[in-house]
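First chain A sits with chain B, and in the next complex the same chain sits with chain C.
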Partner chain A sequence: MSSVKQEYNDRPTDSRIEWLRTEVWESYAPYLLIAPAIVFLLSVVAYPILETFRLSLYQSPTNSPVETYVGVEHYVTILQSEIFYQLLWQTGRWVAVSVMLKTVLGLLIAVHLNQEIAGRKFFRTAFLIPWGIPYAISAVVFRWIHHPQYGSLNAILLELGLISSPIGVLGNPSTAWFGAVLADVWIGTPFMAIIFLAGLQSIPDDLYEAAAIDGAEWWHQFRYITLPQLKSVILIATLLATIWTFVSFDVIWTMTRGGPMNSSATLVIWIYRVAFDQGSLGEAAAYSVIGFAFLLVFAVLYLRLYTRGGESL
Partner chain B sequence: MTMAGHDRTGLRKVRIYGGLLALLGLMMFPFYTMIASTFKPEPEIFSTPATLVPEEFTVEAYLAVWGQTDVLLWIGNSFLISIATVALALVLAIPAAYSCARNDFVGKKTFLLSVLVVQMFAPVVLIVGLFDVMVSFGLYNTYLAVIIPAAAFTLPFNIWMLYGYFKTIPIELEESARIDGASQFEILWKIILPLAKPALVASITYTFLYAWNRLLFVLTFLTDDSKFNIPRGVFSMVGALQADWRMMLTVSVIGIIPILILFAFLEEYIVAGMTSGAVKE
Partner chain C sequence: MTHNNPGDGDGRINRRQMMSLFGAGGAVAIAGCIGGDDPRSSDGDIQFLTMGVGDNIEEFFEENNAAFEEEYDVELDFTSVTWDNAQSTLNTRVDGGEAPDVSRLPARWIPEFAGKEALVPLDEMMEGEFGDRFYEGLVESNYYDGHYYGAPWAQSNKCLYYNKDVFEEAGLDPEDPGLDTWDDMLEAAIEIRDNASTSAYGLPANAALETGSQYYHYHWSFGADLVDDGSPVVNSDEGVEALSFYSDLVQDHEITQPSPLSSSRQDVRRLFENGDLGMVIAHVYAGLNIEDSDQDFDYGIVQVPEGPAGRYNLSTVDSLVIYTQTENEDLARDLFRFYYDEERRFEYSQSKGFLPVLESVADRDFFTEDENWAPFVEASEYARSRPKIPSFNEFNNRVVTAIQEAVGGEKSAQDALDDAQADLEEILE
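This part shows the complex of A and B:
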């Protein structure tokens, strides 16, 4: 500190100004440049998080500014309610089945795309498209496919003789969630496929060549080279898919709104229901805080995987 | 190559292409059934069981859609919201990413990791808090109520994407420009950004798509139907008591055309962006 001051005093006036400009700028510029992003994220993300915590302690109707402090009452009500445990089960089921299907299908597509084939760029683009279109539109299309009278799913199942009379997947409490899973898998598989493809391309060819010389069959190569080499990529991709599926809103909301009889509702669908259908921001905030807890666990896992091996940023 | 070997590669090809086409068929089927339905005449679209191939082909749905729905308005709003979101996100992300790529400062690692955590905080679990904020700041039912959160939730990806790319640009280029008397801003604008074009295109595409596709913010913060975007417009048609499936599907097809065009031109950047955003080598 004192040597800096010394240096400053030793300079002639002109270059003092110059020094101020360069040195001061150099030491503060990094902060000035990230400041807008920080302020923005603090006000649009961090503040609403705090606001959610605060709200969860209040009785706060959506349509009125009146707030009454109720302490942890919402949490107690939630933990004692039956619907909460039903939501946990339905959310777990939704995430597990959807992520599993996305991973398997994505891997299958990636392995096929990783071959030397003509028109690879075309295939890659074609497979990617479902990911890029609005989820609400995909959901509408799947509602149409599932339509009990006019949908093509029924037409195909009838044609194949698998069913004898039309079924309404989304209208039935025991199948509605799976109807939504199909749409979610359709949307989420392309991302998995592309990530897996990138991972596959980083596996050295000579591993396969050596295996081929040893006479390893396709399945053995997949089992003993591809899967182990792809392990970390699969881990990251499934974790991301888990987070995204957990918070997926547009698809379920457009297809079923969580119905019939709450059978396809997940935790986040319920947050929305409580807040904007039932008009209770306070209780919805308490559900959100529970949602944060889950996300925090995922986030810690993700950061662990992401920064593993002491990588420098 | 022996005869047997030749047969085997031939067989392999058949198997790969067969598998690929089967998978592609599966993934394309929803598009097919959506598009095919829009070309069926009114009575056929409501036949039971559905016809998988249109028996009669007509474009009347496409002629009627402009008069019967607000599809043009929704597309216009989607463009407005998407472009504004891209602009806001980049104005915030570029300086931050540049700063992290070029300097070592106390708190940089914390900043970058916190940004990553923001990406985990999905908007829907924050929607209650955001709603409260939007109402108290008087932003409810304005375009900004949609643009601001979309920019915030795409900011992490943009900062990381650009940060990673800026780091690969040699600092010598900047130093020689500085000797020539260029200001910091000129260096960024004339040297760094043109060189970072691939990362910029990936960022722009990602942010644009995010803003174009999202229903949640528009559903929650915009009540005025003249401000609806495409997903919200389609959703408003679902909500009607007797859903007009023909118009709804036609609007859907029109609503995804801009995205198909984007994909056709920018496939490489999208893939690069998607993969580098999630998996770091």
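This part shows the complex of A and C:
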């Protein structure tokens, strides 16, 4: 590098200006070219995050037009409140169970749809339908299914003699969250299935043929060929599903509003309630920042786990 | 980078790309959580925002808005949002400097918006000839911190409906149901529980506002209060007695529909309108709905029962307000004068099922002679509003959690209210 520069330095002055110009252009041109994209990203990604963080340091009470700086007071209040830990547990439970069910069911459906079965095209389309229906509408339908008086769930259970009087899944603090999970799984499974199906189709058939010749059973083929080959797809899909489920609002809000007794509320439901029901934007922003931090930590740990030993995704 | 095939070993995503993907997702999530949209659709001369304009009233607004535009030679930008979104829409618009010129809102939100200095005081109007035409109690519900901030737009209260067919099946006298006190109501309900095929009493306990609005009848009529001189007083002896009585309806007497905690106000109303419930406390439109439907059961309407300390009827008043951000205050006042025309108010109350706010309209035979309307006009005598505190929603949510805990059998009424009282003291600090 230095010898090249030396060579340039030996040239007459006008060439040196020329050289400088080229040097500057070559150094800055890439930045100039990507500047619009950076401005765009900063405005839609960085600004909302920073603004949320700024807002979380202010008191924005219901009865005052003025924002008052309160520092980390909101964070202290939140961390000292019982409801926060209840929300953490409920959010974790909601995400873990929902994502796990979506992944397992999605995988089962994908494996089935990847085989030569009658009506395969029909089923592939049919399985996508739940994903295409707006979340809130699906949630309303599920609310009706769970309805103690008019819902089909109770009608079936009563008919089968499994219960003697109607039960209200969404009215019971210990089951309400699971009622919402069922709806969320119904809505979200098709996405997982389609992504997994695409992954399955990219696995070369000769791997299975070779395994079959070696005498590998179906289960062994699944365990030693399908799963490892699908690893990166499963990772992406579950990461996305986790983020979506974590921030999912429509289903819980439409079905239970986080109740009864806040038993089905997650962090996101609480953020909405604090911001718009109780009118405290500052505290809601603090909850948002905490939620964001959790997702960040989760993503980093998740990626660490899967990229251990220098292996890329 | 090409990444056509998610399962392809070559199409791998590295850590940095993953993080940027995640960052965008997170930012959208956060922005989605607390950000607001801008619902201002077009810039007419005046913006009028209201809530819950359904099929039965859409035509009324279409016609009258057009008439207003013609009469004043202006453009009216009329928006209706759902009740679910109403408070967040108004808050977002006011905070974002995009308030409508005029809107409807429940009077209990006035302290919140007046506190933000978002509402124009309407003292001159409400203390003058314009204000004299309303029921006095309704005008007072718009009074906060020394000023009148709104004009009553609609009011609603509740009565006790009973299904005469169910009463007959249970061996009760449908024409003289004797439902004067809560104990009378309980006795009748026990008879229905034992002798009829439907649930006796509809008790909604799922969502916040309506759970409170049903229970407060009991709370007040047992002599308890919610707030006294700015401090919470929910766990008084009378309050505990009221909530014990209320939760016993579910826990001990089992006279309600199954799973009250999953029932909303609409759920129990629908049960009654379908003939599947013996009694329910509901608005005037429950009766109007039954009339319009092809249901063939008979029903009666009586006043909400009396407790040891008297009879109270939760009255909800919605108001029309002008926002301080308006640049058309005069035109906004014209819109008021236009929509408070007596004939328009009559047409509105009649079609929507809200009680009239103008005395001259309420005095009309249509309301006083009709068996669906008359009990509700009479119920105004027992009217009582929710307390006027800026953080009413937060307050109410906490009380409702206590009601749910008692009704669901999680805590005794005493424990539920004691815990609520402790939290409410912090909220109202």
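The definition used in the following text is that the second predicted complex is superposed on the first by the 246 of 313 C-alpha atoms of A that agree within 3 Å, B and C clash if a C-alpha of one lies under 4 Å from a C-alpha of the other, contacts with A are read in each partner's own complex, and residues count from 1 in each chain.
The criterion applied here is as follows: a contact is a pair of C-beta atoms (placed from the backbone, for glycine too) under 8 Å apart; a residue touches a chain by one contact, two chains touch by 3 or more.
Since this is a predicted model, take the numbers as computed values, not measurements.
Contacts of A:G168 after superposition: chain C is touched, whereas chain B is not reached.
By the touch criterion defined above, A:P48 reaches both chain B and chain C. By the touch criterion defined above, A:S202 lies against chain B and chain C together after alignment on the C-alpha atoms of chain A.
Applying the stated contact rule after C-alpha superposition, one finds that A:G279 touches chain C and leaves chain B untouched. Shared-chain residue A:Q115: touches chain B; no touch with chain C. Of the two partners, chain B and chain C, it is B that touches more residues of chain A. In the superposition on chain A, A:L158 makes contact with chain B only, while chain C stays out of contact range. Judged by the touch definition given at the top, the superposed model places A:I34 against chain B, while chain C stays out of reach.
Chain A residues 44-45, 48-49, 52, 55, 62, 147, 149, 166, 195, 198-199, 202, 233, 236, 240, 243, 246-247, 249, 268, 271-272, 275-276, 281, 284-285, 288, 291-292, 295, 299, 303, 307, 313 lie at the interface with chain B in one structure and with chain C in the other.
Looking at the complex, you find that chain B touches chain A at residues 16-17, 19-20, 23-24, 27-28, 30-31, 33-34, 37, 45-52, 91-93, 95-96, 98-100, 102-103, 105, 108-109, 111-118, 120-133, 148-149, 151-153, 155, 159, 184, 209, 212-216, 219-220, 230-232, 234-235, 238, 245, 248-249, 252, 255-256, 259-260, 262-264, 267, 270-271, 274-275, 278-281. Residues 29-31, 33-34, 36-38, 40-41, 43-45, 47-52, 55, 62, 105, 108-109, 112-113, 115, 117, 121, 123-130, 132-138, 140-145, 147, 149-152, 154-156, 158-159, 166, 186, 189-191, 194-195, 198-199, 202, 233, 236-237, 240, 243-244, 246-247, 249-250, 253-254, 268, 271-272, 275-276, 281, 284-285, 288, 291-292, 295, 298-299, 302-303, 306-307, 311, 313 of chain A touch chain B in their complex.
On the chain C side of its complex with chain A, the touching residues are 5-9, 12-15, 18-19, 22-27, 29-35, 87-88, 91-92, 95, 111-112, 115-118, 205-208, 257-263, 267, 271, 276, 390-391, 393-394, 397, 401, 404-405, 408, 410.
Contacts from chain A toward chain C in the complex involve residues 44-46, 48-49, 52, 55, 62-65, 146-149, 165-173, 176, 195, 198-203, 229-230, 232-233, 236, 239-240, 243, 246-247, 249, 256-257, 259-262, 268, 271-273, 275-279, 281, 284-285, 288-289, 291-292, 295-296, 299, 303, 307, 312-313.
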